[in-house]
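The same chain A turns up in both complexes below, where it pairs with chain B and then with chain C.
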Partner chain A sequence: MDLLNALVALSNFVLVPAIAYGAQLALGALGVTLIYGILRFSNFAHGDTMAFGTMATILVTWWFQSMGIGFGPLPTALLALPFGILACVLLLIGTDRAVYRFYRAQKAKPVILVIVSIGVMFIMNGLVRFIIGPGDQRFADGERFIVTARDFQAMTGLDEGLALKTTQGITVVTAVIVVAALFWFLNRTRTGKSMRAYSDNEDLALLSGIDPERVVLITWLIVGALATVAGVLYGLDKSFKPFTYFQLLLPVFASAIVGGLGNPLGAIAGGFIIAFSEVTITYAWKKVLGYSLPESLEPSGLVQLLSTDYKFAVSFVILLIVLLFRPTGLFRGKSV
Partner chain B sequence: MIVVEDVHKHFGGFHAVDGASLAIREGTITGLIGPNGAGKTTLFNVIAGVLKPTSGRVTMAGEDITGLPPHTLFHKGLLRTFQIAHEFASMTVRENLMMVPGGQSGERIWNTWLARRRIAEEERVLQDKAEEVLEFLTIDHLADERAGNLSGGQKKLLELGRTMMVDARIVFLDEVGAGVNRTLLNTIGDAIQKLNAERGYTFVVIEHDMDFIGRLCDPVICMAEGKVLAEGSLEEIKANEQVIEAYLGTGLKNREMVGA
Partner chain C sequence: MKKLLAATAATALIAGSAGAEEIKLGVILGFTGPLESLAPHMAGGAELAMSEVSESGKLLDGSTVTPVRGDSTCIDAGAATAAAERLITAEGVKGIMGADCSGVTGAILSNVALPNGVVMISPSATSPALSTAEDNGLFFRTSPSDARQGVIMTDILMEQGIDEVAVTYTNNDYGKGLADSFAAAFEEAGGTVTINAAHEDGKADYSAEVGALAAAGGERLVVAGYVDQGGSGIVRAALDAGAFDTFHFPDGMISSKLEDNFGTEIDGSTGQHPGTDSAGAAKFQEMAGEAFDPGSPFSAEAYDAAALIMLAMQAAGSAEPGDYKSHVMDVANEPGEKILPGELGKALDILAEGGEIDYVGATAVELIGPGESAGNYREIVIEGGKVTTVTYR
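What follows is the complex of A and B.
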């Protein structure tokens, strides 16, 4: 029995990756939940919005790299991020002007907007593949690790190593900053309050003289920023491939729904719930159990509940369970 | 103050308001009564700009306001409350009040950073006003409660409070007493009378509670089947034969006619 090594192995293979993945999902789910709360539809184009923002960031990153601009030990993509956000926001506002505004003026039902967003999804999807291609792109540079497994072993003298990737560190720090800024904005500023008012009761907001078009514009602005940040962090941590981002739609939606659609706090909680479930269920527990159980009980198999190929099934099952027993999500969301 | 001239509002073949004409005098608390389906709320919606009339004219102090959108009317001092109270459920009572009036400079995103001082100044003025309103309505102990947690009657008070955040001239209250207990209804009644006396608000009240109407309103206007039947004090209205007919039906009379 060696609980310390078990703990380190657990952190290395489960806790740290799940926290980073959870933060990425949370940022994605925040975008989905804001659109649902304020524009009142489920935006199926969100995964591809993340892809577009990330693509724009990658292109600028490559340009910076070719000019020899770097960010020291940090990835150059962080420098390119503002440009990616700008491109993504412009695309979203353009889409809103060209597509969603028309349906808003018609007072279209949410289900129609959902279908419309699926159309937008296909177009964005095609756009991204057309510009950067369908293949895998790696764009992370700078220092790869904050702490490598070997350094950790040397420092502590344990058998197990704990690696902390730079991208994981950046993910968590960025997510904390972005979420704090978002909540400050929504709860403390007049602009944020007018957004919440519009989300709470559209009729009353209109009667109070709040300009709906301005609220919508600001929502897209924030959603574009959130989607790009989430996409870039995910791309840095893993890699960028348009199809992967399309697939991210499921865990992102699952996070938003598990937490309660329309509730920002719920989106964050949902992101971590989905990430931890996915990672713990697809992780082979043999090593951790080997350290923590007496020798006689040591498992001979991998103790992996589900192959990683089935990781999307996990979010699907959680989604079903939550919808069956608590349809409004863990934190009470809203329904339109 | 408000003059409604021959307003019709048709929904397909259904004539919800069918040639209603009435005048609301400045400084009065006018009651609007009538059986269910008489077209009271529809007429409210037409006056408040929620619905466009099929035909007819609405004027406010001589100015034609027919079909103007609600937020324009809001800035002209014409406000309304809803039959089922509306509120910003996730915000506190104080924040609810401070959302009125909309269109503050803080609602532009760049101002959040560029015009901090102006926003702070505006917010301070709004906050002072909100405190005053809370005290007036005797709900200052609820200031930090989330509006969604309020009881039905407290929400009605909050709606009344919203109208006090701007200098309203005329306020339309749609069934302010529906589902509200006696004590709270008295508080609401007191507030209406006080606002009317001290601030000169004109009120138009749709209500089914005749005690409430009797206590507050003079004159009372009775509608039925989309038309205005009668206007006068509550006593006069009660004695009016057409009104009795509208409420009780013509069954009695018909039976007399066929001699049954």
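What follows is the complex of A and C.
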């Protein structure tokens, strides 16, 4: 019985939040990694792309809510998601036409494109704040919990509760569907194969008749969809604030790099590694050990490896170690 | 010709210093940055006091007082120092009402006010570190130090029989100062602080922090943060995970945003923030009218800060900071006739006749120790999703 309590406490405070956060990071990292693999630059505007897509979704959600359209127990934002994706994709393609295409035609070096993307980041940053403002926006509706901590305690008779939020459930389910669809597309369809060919060897792909502009267009389409889904899931689970999305850039990039830039599988693994390292290494094990150990061995301290102040240091130490020993990331990404 | 010019200039100077003049006072607040929503109401309070004095025409033989605003940004010490430098050297202000946040206030005090010998009265810097900062008697505040808030918090929790709490604070001068002074006071009173952990504002995910707080346990979670920032994130995550049901909120967390964000979910939570139910507070509310929101935090403190500078000038008979700095404590404290908001003209008369006043103002000001308010607090409880007053202490 006590072991069960330990397991429930661990799930409630470590496993469930880390899995949901990991799924959000993984979706963000997938977008970064696709741009890196196919367009060959690190897109620093990705955090703000997520913010823009989420903002568009929020606006449509509010419109739906004002008309009384709901999605039963699920958040209305899921209905609005396609519109958000559309707006985000239009913005990305517009940016590509106006900015990136110019540098692509010049065969600009990746580092120049990185700096260009920082400029784009600032513009998108301003755009989002201009439209929706810098403050917090909450747009989650519908049923908040699948199981609340209280109900779980009542149901099982355990001392510890396990809360499972609807948004956490949706996050994981959506992430699985999106990732499965993406891998099917990249590995099974003709367009997906042509994208991978373009990513592996640009010149060879051009020689075999692959239209580069089409590959670029489809990449932005997918990136826009991934960024919006990641942003909306994150916003539903926590809350929407432009500045937080800008800050998300760091863990998202860390995930993509740990997994191996340019490798989609690596991006997913990286997302979970970063999320779990942030939550587990700074977790205070007092409660869990208190339940699982015999009374005589019960710890009196917090049994915390590192204070939570260091949680960001943890993900960057992992990043450093990976880069030192496997410069291309855990899953053998690319290096330019 | 040269002599004539020199003579004219000299007469002009003498004439200027003897008769009525225009005195400039700096109003340095975070008009941009994390406190930008509060700054206009604080400035409104300070400027209300200045216009009241100017209109009375009784300050130093009919001198008028003009406010000059400067932006402290609340967080950027460099920008705040530059703003203060400009007000003193270019505008020639004779005193500063400000700054607002503890970090920039300390920076302006040591870099600008101290070298230039200008008096500063802050309406809202509450860090305990400012009590011991070197100030040559130039720095005062109409808000209490957070060391005092720590003691008040301890009293409130102890009276409810809560002797084990977890503490989380926003990682800056304000949060750390408040959390440490509270932990010291609470442990001295026999309570236990199970964990005293920082959280960063504006971060993506707070489950790690909440995990640690929940593992440490406690009857209540003390959140010394900002409601617009990480404080709400922590409360949200703690509620969702079922880690804590009730919280204790110091001043940075109490606003209508708290009601909007959590409503009845945090029923039974307690808190406190500087406030008073004295007659002065009601009078101040009445005077402010539609110009600004007098109920906004630290607006009344700003009125008092500006009023104290001008009353001290009158008591000293001079607008020079070096002359009037020693009179600030005299006009703020007993003995003397009690002065409420709107009675500044009467106070100036009494002082001009050589009498004594005890400025009570909008916040029942009583300056203690190194020139800071003794502090009156409003204890609140969340009931039915609303912030309700329990008592004033």
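Worth a mention:
Assume the second predicted complex is superposed on the first by the 328 of 336 C-alpha atoms of A that agree within 3 Å, B and C clash if a C-alpha of one lies under 4 Å from a C-alpha of the other, contacts with A are read in each partner's own complex, and residues count from 1 in each chain.
To be clear about the criterion, a residue touches a chain if its C-beta (ideal position, glycine included) is under 8 Å from a C-beta of that chain, and two chains touch if they have at least 3 such contacts.
As the structure is a prediction and not an experimental result, all values here were calculated from the model.
Note on chain A: of its two partners chain C and chain B, the one contacting more of its residues is C.
By the touch criterion defined above, A:247 reaches chain C but does not reach chain B.
Those residues of chain A whose C-beta lies close enough to touch chain C in the complex are 9, 12-14, 17-18, 21, 135-136, 138, 145, 148-150, 161, 163, 165, 234, 238-239, 241, 243-244, 247-248, 251, 275, 278-279, 282-288, 302, 304, 307-309, 311-312. Chain contact summary for the complex, chain C toward chain A: residues 171, 195, 197-200, 202-205, 207-212, 214-217, 228, 232-233, 236-237, 240-243, 261. Residue ranges of chain A in contact with chain B, taken from their complex: 185, 189-191, 193-194, 196-197, 199-201, 203-211, 214, 218, 221. Of all the residues in chain B, the ones that touch chain A in their complex are 70-71, 74-75, 79-80, 82, 86-91, 95, 98-104, 106-109, 111-112, 119, 122-123, 162.
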